[in-house]
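Mind having a look at this structure? Questions to follow.
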Amino acid sequence: MNLVMLSFIVMGVAAVLLSGVMITRRWPVSAAMVLISVMTLLAGMFGLLDAHFAAVSQIIVYAGAIMVVFVFVIMLLNLPPEELRYGGVTVGEMILSAAGVAVALVLGTKVGQGYLSVGIEELGILKSENSLALHRPLFGPDQNVKNVAATMFVEYLWAFELISFLIIAAMIGSVVIAKKRSAENANAA
Amino acid sequence: MLTLPELGLYFSFLMFLVGLAGVMFRKNILFMMLSVEILLNAANLAFVSASRLTNTMDGQVVMFFVMAVAACEAAVGLALIISLYRTKASIEVDDLKALRG
Amino acid sequence: MNYQAMLAAVLLIPLLGALLNGFFLRRAPRLVTVTVGTLAIAVPFVLSCLLVFGPVSAGEVIRTELFSWISVPFNEGRLEVPFGLSVDRLSGILLLIITGVGSLIHLYAGEYMSHEEGVYRFFAYLNLFVFSMLSLVLGSNMVVTFLGWEGVGVCSYLLIGYWYSDEANARAGMKAFVANRVGDLGFLLAMFMSVKLFGTLDYSRIAEALTNELAAANAPLLTAIGLCLLLGVTGKSAQLPLYIWLPDAMAGPTPVSALIHAATMVTSGIYLMTRMSFLLVHSPAAMTTIAVIGACTALFAATIGLVQNDIKKVLAYSTVSQLGFMVLGCGVGAFQFGVAHLMTHAFFKALLFLGAGSVIHAMHHEQDIRKMGGLIKKMPITGWTFVIGTLAIIGFPGLSGFFSKDEILYYAWSGTFGHPLLWVLGALAAACTSFYMVRLTYLVFFGESRVEHAHHHHDHGHGHDHHHHEIHENPLAMTLPLMILAVFSIIGGYVSMPHAIMHMLGIHAGENLITQWLAPVLEKAKVVMTAAHGEAHGSAALEWGLMGTSTLVMLIMSGFAIALYKAGPKGGESIAKAVGGLYRLILDKWRVDELYQAVIIEPLKKVGDGFFKFGDRALIEGIINEGPRGIYLVTSVLSDIQSGLVRNYLKVVFVGILALCVWIFI
Amino acid sequence: MVTLISQWILSLLIFFPLLGAVLVAFTKDAQKARHLAVAVSVLEMIFSFHLIAHFNVDSSAMQFAQDLAWLPRGTGIRYTVGVDGLSLLLVMLTTILCPLVFLSSYSSIGSNVKSFLALFLVLESAMIGALVSLDLVLFYVFWEAMLIPMYFIIGVWGGKDRIYATTKFFIYTVIGSLLMLVAFSYLYYAHYQANGIFTTSLIELYKTAAALPAGVQMWLFAATALAFAIKVPLFPFHTWLPDAHVQAPTPGSVILAGVLLKMGTYGLMRMSIPMFPQAAHDAAPFMIGLGVFGIVYGALIAWRQTDIKKLVAYSSVSHLGFVVAGMFAFNELGFTGALYQMVNHGVSTGALFLLIGVVYERRHTREMSEYGGLAKQMPWYAFFFVVATMGSVALPGTGGFIGEWMILTGVFQVSPAMAAVAGTGVILGAIYMLWLVLKVVWGPLNNDENKKLTDCTPRETFVLATLSVFVFATGFLSVPMLAHTEPTMKKLQQSVSKKEAYKTELVIRGTSDEPMRVMMNGR
C-alpha cells in the first residue's frame, strides 16, 4: 500500500461519493459544480494511471468546456423551483438500489483478489496476430502524448476523421434545433 | 495483489451504478443529462484502466473519442432541452410519452 | 434438282406462301392473293407428283434433314430429334391428296371468298395449314409429326374462328383446339413412352428397335402406347369421345370444312395409326379398342346425321361416321383399306362439301335444307356432281366408296382383329349413311323448290349488298374442282377392289393395288399379325355375302329415304312423332355436349373456383394474414409494457446489468 | 485484348447499369432520361454479346471469371463472379429484355420518370449481379438488392392496392432470404470447422455442403429451397405473385415475370440442388409433386380469373411448376428443359404482359369483360396476342414446346404418373389462354370505348415483333442455344445423380489453350 495506491483509493472513493451527492442535489447549478469536482478527481486518477494526456484533457475539455455549456444552459433556462422536485421513489426502485449496492459490495470484496483482471492474458489481445499493438511504434513509458498520437493518427485515423464529422454535424444540428423554434416563436409573436 | 487499474475498474463500476441511479430516479431531464455525463466518465475511467492493464494505447484513444461524443451529446441534448422547454414549458421526462408503444 | 431438295421445297413453299400472304401482300389485290395462295399449293403438287410417281413408286424412301431441332444427352447416349422429312409410299398418298385436293380447294376458295374483305388472312391460314399438314405426314420422327399435328390444330382453330366477330365461331374454334389438345396429350404420352422404351422417336429407328423379344417383354407398355396414340387419334380424327368439336367446326368457311374437316386434317389419325401399325399390332388389346371405338363412332355419328337439318352439319356427322369406318379398318388390322377409304373419302367428301358450299354460296349463306329443294335445275353441275358424291359415299356399286367401305366391312368381320359384331355395327352405320345422304341430296336438289324469295337479312358480319335472288350456277373456278373431284370419286375406289371381284374380272395380280402399294409400309405389321394370329380367315363366299348384304341394305335405305321425303321435309315427321323422346335426343346430338359440360367442364370450373376461394384466398392467405395478426396480438400486449417513459427502460437495463454482474462475478 | 475484356466483362455488365442509373438520375429532362436509359440498356446488351461470342461451349467451367479481394482477408468473403452454361442464357435474357422494357416504359410511366428509370437500371444491375456472383455473400447482397428497386417500382408506380401488394412481396421474399442467410452462415461455419478457414466461395462450399450428413443437408436444403421457392413462386408460396403482378406497372410486370421469377429457379439449380445432392434426392418426389400440383392448381385458377393480369400471373405459377418439376427429375432432359423453359417463359409471358400494358394504357382497365373483338380494331395487336398465346401454350414451333417437351420427357423417365398429371397442364393451359384470347381478341366489337382504340404504335410494334421473333426463334434454334448449356447440365446431372459435390473452376476464357486460370489466392 504505497502512496500512489492510497491517493488513488481516496480519490476514487471521493469521486463515487461526490457522484452520489451530485444526483441528489436539488439545484442544477450546485449539481454541476459537484460534477466538475468529480471530473477533476477523475483527472487525478487518470494521472495516477499514467495517462497524463487524458488527465489534462479531462480537465480542459470536460470540466472546462462541456460543463460550461451545462452551466450556461442551466442559467439560460432559469428553472422555477416547482420544476425541480425530486419526485417519489417507489418500492421497486428501492429494491433495485439495494440490489445494486449489494452487488457492488460483493464485487468489492473480490477486487483485492485480482478478480477483475483475471484471465486478461487468456483473452488473447496481446497474443493475437491481429493485435494492433504489435505494429505500433512505442516511445518510452513517459512519452504518453506521443504514444496516444501515434495510435490515434495511425490506427484510428479514419475513426478520428469520422468523429470530426460527427462534431460538425452535432454543432450544426444543435444550432438548427435551438434556432428553429425561436424563429417560429418570432413568427407567432 | 491489489493493482491500480483493477481498482480503477471497480471504481468505474461503482460510478456507473451511481450514474445509472441518477438517470433512473431523477425525473428532470437536466439531471438526467448530468447523470449521463457521470456514466460517460465512468466508462472513460474503465477505458483508461484497461489501457493500463493491457499496456496498450487503444483505451486512451477511445477515451478521447468518448469525450468527443460526449461533447456532441451535450450540445445536441442541451439544444433539445431548450427547444423542449420552449414548446412544453416543462422538462419533466414523464411528460414525454412519445415513445409509448 | 435432287429429290431431297424437292422434298424440302414441297414442305417450305406453302410456308413461304403463308408468310407472303400474311405479311407482305396485305394490301395486294385479291387476284394476287389468290394466285399466290393457290400456287403455293399447286407447285408442291407438281413436285409431289414427280416424287411419288418417280422414286417413291419405285420403292425408294426419300429422306432429308433440314436442321437439328432438339439434341440432348440422354441415358449415356443422345436423344436426337432432327427436323427430318421422309416420304415413303404411305406419306406419298397423303402428299398427293393434301396438295392435289388442296390446290382444287384453294382454287375454289378464291371464288367462294370473293365477297370477303381482307382475304389475305384466309389464304395465309390455309397455306399455313397445308404446311402443317405436310410436316405431319412428311415428318420422319414423332416430334416433327407432332409439330404438324398441333399446327393443323392451330390453323383449324384460326380458320373455324375466321369470322371472329361472331363469338360463337371463335368459341367453336376454341372447342376444336381444346378437344384436340386432349388428344395431343395422348400423343405426347405416347412419345414419352417411346423415348423411354426405344430412346428414339424416329419411325424407322423405332421399327428397327422393336423386336419381338422387346415387344414380349414390354407388352403392357406397348398397349399403353397404343391406347395413348388412340387418344390422340380420337382427338384429331374426331372419334368417340372427343368427336364433339367437328360438328361445331362447321362454323368456318366451307372450303375450310372441305379441306381440313373432311379431306386432310381429320384423317391424320388414320395416317398416324398406319405409320405406327408395326407397333400397334403387338397389342391385341389396343387394336380391339381401336376397332370398337371406330365402329361405335361410325354408328353413333350416323344416327345423329339422320335428323340434322343443316346441310353442313349432316356432312359433318357423316365425316365423323366415315372416320369411324377408317379407324375400324385400322383397328381390325386392315390398315391399307383404312388408307384407301381415307383417299376415296377425301375425294367424295371434299366434293360433297364443295358442292354444299356451292349451294350455300348461291343461296347467300342459307344452310337449312328445309329451305332448299329442286336446285338441280338451277345448278346442274353442282347438283349432278353432288349426286355422284352421294352415290360414292353410300357405296353404290362401282363407285369409289363401295370398294373401300366394303373392304373395311369385310375385314371387320374376318380381319385379324375382326369380329362379326363389329361388322354389324359397321353395316348399321352404312345403312344410316345411305338414309341420311339420300335424304340430304333429295331435299336439296329434287322435289319442289322451297326457297324463300322474300328478302331476309343475314348478319354474318360479312354481308354483301347485292341481292340477286335468282339462284344460278357458280363460275368455273368453283365448278371445275367439283367436276375433277367427281371423276376421282367414281374411279378412286378401284385401288381397293375386293378379291372376289378381281377374281370375277379375271385379274390375277394377287393383291389389289392399295395392298401392293402399301406392302412395304405394312410389311412388319403383317408379319407380326400373321405370326400371332395366322392368315386372315375370310373366304370368297363370305365376301360376296357381305357385299351383297350391304348393297341390299343400301338400296332399301335409299329407297326408304326417297319415299319418305318425296313430299318434302315433313315426310319424316310421322316417324319422329312415333319415337318422340328418342327423336329429340338425337336431334340434340345425344346431348353429349351437355353431358361433357355438366360432368367435366362445370366441375373443373368449380374446382378452379374452389382452389381460388378456399385454397388461395381462405387457406394460404388466411395463414399469411392471420399469422401476422397473431403476432400483432402478442406484440400489442408487449407494447403495453413500453410505457414510453425512458426511466422505465433504464430500469430494465439496470436489472440486466445486475444480472450480468451476478452471472459473471458471483 | 480479348482476354482483358473477358476478364472485366462481367464487372462491366454489373456496374454499367449502375453508372447509367446515376447518369439518368442527374438528367434534367424526362424524355432525355428515357432515351439515355434505352441507350444504356442497349449498350449493356451489346456488351453482353461478348459473352456469347467468346463463350467456350465445350467447357462447364465458370468462364469470364474474376476473383478480387473485397472484404478483409480473414473473412474469406471475396468478389467472385463467373458465368457458366446455367447463367449464360439467363444473363442474355436479362440484357435483351431490359431494352424492350425501357422502350415500353415510354408510355406506361408518366410520373417520376427519372427515379423510375434509375431504379430500373439498379434492378438490372442487381439481377445480373445475382446471376453471375459465385460468392454467397455477394450473391446475397445482389439478391436483396433486387428486392429494393422492385419494392419501389410496385409501391410508387403501381395500381390502387400497390402498398399492400408491395409489402406482401417484400415480406414474403425477405422471410425466405433470411432463412437462406441462416443456411449460408451455417455453411460458412461448417467450412471453417472442417478446413480451418473461412470462405464464402460457392465453389468451395459445394464440396463442404455435399459432405455434410444427410440430416443437416436436409435442413439446409429446406432453408435455401424455401427462399427460392417463394421467389419462383412454387405452390403454396405463390400468393404474393398475383397481387404483385396486378399492381405492378407494365415494365415491372414484364421484368418480374421475365427475369425475377427465374431467380428462384436459377437459385434452385445453382445452389440448392448441387450443394445438397443427398437432400435434393430425398426431397425430389416432394418437389416434383409440388411443381405438378402447382401446374394444375395455377391453371385451374387462371381459368377462372376475370382480371387479365391475374390470369397471366396464375399462368406463371403453372408454367414455373413445369420448371421445378423438370429440374427435380435429375436427368439432362429435365435440367435442360427447365433452363430452356425459364427463357421461354420470360419471352412469352413478358410479351403477354406488354400486350396487356398496350391496351391498359388505352383503356385503363384489366377486366376481360371490358374488351372483346379487338382483332377488328387492332389487327397487329391481335396477331401479336395470338403469337404470344401460342408461345405460352407451348405450341410446337415455339420455344415453350421444346422446354415443356423436354421437361415432361424428363419427368416421365422418373415418374410416368407425374408426367401424365403435368401433361393435363398442357390442356388446361390451352383452355385458359384461349379463353383469354376469345374474350379479348375475338368476338364482336360491342364496347363503344373499344371502337376508338388504335393499333400498336411503331414503338410497341417493334417491341412486340422482337419478342414474337424470339418466340419462334427459340422454337427452332434450340440446338445452337442449348449447346452453350450442355456441358454444365451434363456435369450437374452427373454430380447430382452420383450425389457427389459439384466441381467446377474459375477460368477467364474456357478455351483449353488459354492457360489463364484465375488464381484461387488465399483459399
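Which chain is which? They are A, B, C and D, in the order written, and residues in each are numbered from 1.
The criterion applied here is as follows: a residue touches a chain if its C-beta (ideal position, glycine included) is under 8 Å from a C-beta of that chain, and two chains touch if they have at least 3 such contacts.
Here the structure is a predicted model, which means the values were calculated and not measured.
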Hopping only between chains that touch, the fewest steps from subunit A to subunit C number 1
Farthest chain from subunit A by C-alpha centroid distance is chain C
For the pair subunit A and subunit B, the C-alpha centroid-to-centroid distance in angstrom is 6
Separation of subunit A from subunit D, taking each centre as the mean of its C-alpha atoms, in whole Å: 56
Between subunit C and subunit D, tell me the centre distance in angstrom, where each centre is the average of that chain's C-alpha atoms. 38
So the centre of each chain is just the mean of its C-alpha atoms; given that, what is the distance between subunit B and subunit D in Å? 53
Where in subunit C do residues touch at least two different other chains? 651, 654
Among the residues of subunit A, pick out those that touch two or more other chains and give their numbers. 93, 96, 100, 107, 115
Counting only chain pairs that touch, give me the topology of the graph as line, ring, star, complete or other. other
Among all the chains shown, which pairs meet the touch rule set out at the top? A-B, A-C, B-C, C-D
In the complex formed with subunit C, which residues of subunit D make contact? 168, 236, 239, 242, 297, 300-301, 303-305, 331-333, 336, 372-373, 375-376, 386, 390, 395-397, 401-402, 405-406, 408-409, 412-413, 416, 419-420, 423-424, 426-427, 430-431, 434-435, 437-438, 441-445, 476, 478-479, 482, 486, 489-490, 493
Touching residues (chain side subunit B, partner subunit C) in the complex: 20, 23-25, 27, 32, 93-94, 96-101
In the complex, go through subunit C and note every residue touching subunit A. 651, 654-655, 658, 661-662, 665-666
Which positions of subunit B touch subunit A when the two form their complex? 1-11, 13-15, 17-22, 24-28, 30-31, 33-35, 37-38, 41, 44-45, 48-49, 51-58, 60-61, 63-65, 67-76, 78-83, 85-87, 90-92, 94
Going by the contact rule set out above, which residues of subunit A touch subunit B in the complex? 1, 4-5, 8-9, 12-13, 15-16, 19-20, 22-23, 25, 28, 31-32, 35, 38-39, 42, 45-46, 48-51, 53-54, 57-58, 61-62, 65-66, 69-70, 73-74, 76-77, 79, 83-87, 89, 93, 96-97, 100-101, 104, 107-108, 111-112, 114-117, 120, 125-126, 132-133, 136, 144, 147-148, 150-152, 155-156, 159-160, 163, 166-167, 169-171, 173-175, 177-178, 180-182, 185
